[in-house]
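Two complexes come next, and they have one chain in common, chain A, joined by chain B in the first and chain C in the second.
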Partner chain A sequence: MSELWRRFGRLGGGLVLATALLWALLLIVLPQLLMVELSFRPNLPAAARGGPEDVLSLANYAALWANPLHRAIFWQTIWSSLLVTLLALLVCYPVAFHLAQEARGTRALLLATALVIPFWVNEILRTFSWFLILARNGLVNRLLLGLGVIEEPLALGGVGAVMIGMVYAYVLFMIFPLYNALESLDRNQIEAARDLGASTWRIHWRVVIPHAKPGIAVGCVMTFMLAAGTFAVPQIMQSLPGGTNARWFTQIIYSYFFDGGDWNRGSAYAFALLLLCIVFVMATMRLFRVGLRDIAK
Partner chain B sequence: MSARGLLRLFTALYLALFFAYLFLPLVFMVAAAFNASRFPTMLPWEGFTLQWFWGFDARGRPTGLFQDARMAAALWNSILIGAGVILLSVPLGLAGALLLTSLQSRLKGFLYAVLVSPILTPGVILGISTLIFWQRAFEVGGGLFLAVVGQSTFIASYCMLLFMARLERFDRTLEEAALDLGASHLQMVRRILLPFLRPAILSAALIAFLQSFENYNTTLFVIGAEDTLTINIATRVRLGLTPAVNAIGVLFIAATVLAAIGWAVLRRREVAVRRERPVPARAQRLAPAAG
Partner chain C sequence: MQGAEVALEGVGLAYGAFWAVRGIDLTVRPGEFFSLLGPSGCGKTTILRLVSGFVEPTEGVIRIDGRDVRGVGPAARPTALVFQNLALFPLMRVWENVAFGLEVRGVAKAERRRRAEELLELVALPGFAEKRVDELSGGQRQRVAIARALAVEPKVLLLDEPLSALDLKLRQHMRAELKAIQRRTGVTFLYITHDQGEAFTMSDRVAVMSQGRIEQVGTPAEIYDAPATAFVASFVGESNPLPGRVRESAGGLARIDTALGPLRARDPRGLAPGSAAILVVRPERCRLDGAGEGDGPADRLARAEDAPVNRIEGRLARIDFEGAFANLVVASPAGPALKVQVANDGRLSRLEAGAPVTVRFPAEAALALPEGPLARE
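Right after this comes the complex of A and B.
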């Protein structure tokens, strides 16, 4: 801490310290703690709060466990998010590799710029563009009708449609970390492996992928977190015919807050989702042996 | 054909497919914005029209995006929130980065984890916890203010990472030299630190605004009865589907393409400058005086 005073003086150092701590406490730690605390209490009218009924219990979590529908949606959210993450990784790896190792000069710059464009078109519009393709009057149905493959428009909604929308919306969160990690790989290493007789598969398995580990980990963590926590994508894709059964866990949480008015139950569900994400982050980091510092890259 | 040639062909094919996957949906969306069809679709093509930007239907009712007052209000709110997020996130991120670069102990690792954690937390949860905290502790309900606070929770983390990356290349001896030579702490910050951080401050402000502008998941929980551009778009997509939504898409894409081209041109010029002058500009300026 003395370093801080030495650099900025008592007043400046104090200001830096206070600002950073206010951010940590008021915006991050206290709100999360209050949410967790709320999740262990019953939903009471304002007058009864702090009264004899206001005791800590696991009732809200038990309710999640006891509700087969909510439980099913919870598992489906996890399962689909894992699948979205894996798909995004498979789709992105060749592109990131090409961009980082094979493309050069103006071509590399052009490709990188082309990636940035859909990245800044917002999530809702990106999802909407796929909604239009899958809709009753959408491109897929028009095409199949025109070719005479089908007689009636297909109902293309459902979990699959939500996942298509998500892979599309989140590939770029996978591709940039991968690209960053792969860019620092010395091309000579690949050349050396090739000269020593390694096949293309072997080069990727033994040289490129080990080097890309931090990027893979960060990309997977970001994509999984976005997929599990998304509200926009399922909300839009549900308007497709046949899409009403594709509910997402975040939507149940939302309805507890704004339709049911049970913030306590909603907090418990939200905390369950947060725990899930924390477990996924820790497991991925352990698996790929990377630390939190690598996120920054 | 050799194995490597085959591989190259395969890569080219895959890249073409990937970029088609990335861009075709956006192309369809843009095309539908100019289709006279009442529904947002590219097929069947019923003729070119601009009525989804500005125009009237057969009964004289306005159909265009630019005639929608609610849209304008939502856009204004988004801009206000974005400005607020810049004003809050940039100083928070800067303070976090300066604090962390001054710490050495185990405390540093812990504080770093806390300050980066919002990036790894789902947006809906940041929104929920912000809403609960301000509602229960200060009786502040959802609205523009809470949207600024909720979004800044994680946007400040992004700003902090930008500052930390820049500070890694900072020569701390400059700071010490200034202090040793009798500069006050304020002078050192104003003359040495802030000028060095200027590019990072600008990019942090830009990123903060863009992140805020397109945020949905967090905003949804803290916005209360107000409207922002993204919330408005989501409502339109869900309820009243007319191609006016596509018109918004066209504007978004046009703005992004322009920004991307500008960025690419700047990058190319930067690369060209570096190639011509391997010596840093600063050293060059000093060189004649030394010689």
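Right after this comes the complex of A and C.
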């Protein structure tokens, strides 16, 4: 902060600060507050607004609870996002460990580059590549047909396909926090544990994972939030044969805002999702016994 | 606990075309405190990693108590390593650190705890079981690291410069402590250091290494008083190496032509006349004629007419007063400057920089060695 004053002077620094605050207020805080307010009001025609029916209530939230289909999709979204997070962790941990502790020199560089390059491509295109792999005439079906394993192309769509797409889409958001945490682990600690007779499994359980906990927590929180809040990945993967059952809660929110024209209901649904995500973040932090301070590192 | 014998037979380790160590023949006796002494990069840590099992030799055999341990991983060898940076587990309590090796072996928690307390007692840290690692001082961490290594009841404890992170006073205290722990446990200690003070004060025997090879193995006194090579003579302690050529050698004494004139020195090897040699003499074995000279029996003997004594004329170029003694530099127009150390007998103040002096040392105090590379200062 004092750096700001020194560089731009009292007036200039104040201006920079005020601009940033104004930006946050106008574009982030106010719209959110507006949505909170919307979520507690009924969806009324313009003429009835401000009338006797326009009262604050929990009706929009109750509607989510009352609608079994929406409720099921809500829980499925949360559950699938949890699974996506877990899968991403399982996939990324060995990669991040190898990159941080074992790979050296050119090999490490090549590996890191190979990981980053797909992320120069837009998320939609990245997801679309998995669509092509799993499509009716896609790579998997053609391979299996060619090998004579199957006679008819399989319908590979569904929640599983959406989850694969997501794990792929968010791998880096898991790998980087893990890598950061693992990279700071003193190699001698691993060797000391090995010298004392510990198996690979125990070295990870007792030495590596406890050290990497803040990184694991950050990676899980980021991946879960991205997965629960994504719109593009399920939208694309749903077009796979057999994929129509894989609806994501964000799609319902989207349709209330843009198809149904019921912003009030949409807002309530969006906040219900946000609320559960916050609960997840808190629970993760509690589970890994890390504070906000550790995550900020 | 019982120490094991460690034997290296023609051991070499190559990284590509580069040999980190080669032709290592070494036997560490059971229950011995053995040090590997050498400058950084001489390969001493490599030997430690070879014995611990983290790397396998490219050639040669390593035996522990006679058993060939090639192909046996670090977890299965009867060795335990104390790392240079200690590598304690910062997220575990002190006792969990100490008991980690037992936890790995499936020892029940209560028993682990009891053993950890015992070991903490052994390293003089009673009551520290519940402390966190970051609450400990440097010396305390040191002891925890040693207790953790001893917990698995190793037959050989490998220590990689474990005192280098401590300050001088603590380091000296820990030397005595380490030696005491070694005596109490009877475990063979293989100790790596570049600090000759550490090696000499603690060790039964020392191996001096240079450039991936062993230069000499011997007791600290043998290494200091009878260095086998020019490298050892120049690496261990202070010395004046004077290159020259052997004129004659007879009866264990050689006469060597140096830039400072013909000088006489002990020659246990009987160097061939005409061969290149290095004469080394320790600064504390030199005396000054005239100012500040001693008057003990040895001095009188050295002054006697018939004893073979070397005399070098020069000028007192520098006086570094250290308190108990003074380090002098005597410059001679003919050749290299000589380091001379004189004890403080109360007459040091008579020394005057720039004054002409004569450096004198008996032939018996100097040693003739075959020419060879010297340690870098």
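The criterion applied here is as follows: the second predicted complex is superposed on the first by the 275 of 297 C-alpha atoms of A that agree within 3 Å, B and C clash if a C-alpha of one lies under 4 Å from a C-alpha of the other, contacts with A are read in each partner's own complex, and residues count from 1 in each chain.
Just so it is clear, a contact is a pair of C-beta atoms (placed from the backbone, for glycine too) under 8 Å apart; a residue touches a chain by one contact, two chains touch by 3 or more.
Not measured: the values here are computed from a predicted model.
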For this session: Identify the partner contact of A:210: answer first if only chain B is touched, second if only chain C is, both if each is, neither if none is.
Result: second
Looking at A:90 after the superposition, I want to know if it touches chain B, chain C, both of them or none. Which is it: first, second, both, neither? neither
Touch test for A:66: chain B only (first), chain C only (second), both, or neither?
neither
Message = Output check: A:44 vs chain B and chain C. Expected answer is one of first, second, both, neither. What do you get?
response = neither
Partner chain in contact with A:189 - chain B first, chain C second, else both or neither:
second
- Message: Contacts for A:283 in the overlay, against chain B (first) and chain C (second): which applies, first, second, both or neither?
- Response: neither
Quiz prompt | Which of chain B and chain C A:55 touches, first, second, both or neither | solution = neither
Partner touching more residues of chain A, chain B vs chain C, is chain B
> Who does A:114 touch here: chain B (first), chain C (second), both, or neither?
Replying inline: first
Chain A partner, complex, touching residues on chain C are 52, 54, 73-76, 79-81, 83-85, 87-89, 91-92, 100-101, 103-105, 148-149, 151-152
Chain C partner, complex, touching residues on chain A are 186, 188-189, 191-199, 202, 206-207, 210-211
In the complex, the residues of chain A that touch chain B are 1, 3-4, 7-9, 11-13, 15-17, 19-20, 23-24, 26-32, 34-35, 38, 91, 94-95, 98, 102, 106, 109-111, 113-118, 120-126, 128-133, 135, 137-139, 142, 168, 171, 200, 221-222, 225-226, 228-232, 235-236, 239, 250, 253-254, 257, 263, 266-267, 270, 273-274, 277, 281, 292-293, 295-296
The answer for chain B against chain A in the complex is residues 3, 7, 11, 14-15, 18-19, 21-23, 25-26, 28-29, 32, 39-44, 91-92, 95-96, 98-99, 102-104, 111-125, 128-133, 136-137, 149, 152-153, 156, 161, 164-165, 175, 184-186, 189, 210, 213-214, 216-217, 220-221, 230, 233-234, 237-238, 245, 248-249, 252-253, 256-257, 259-261, 263-264, 267-268
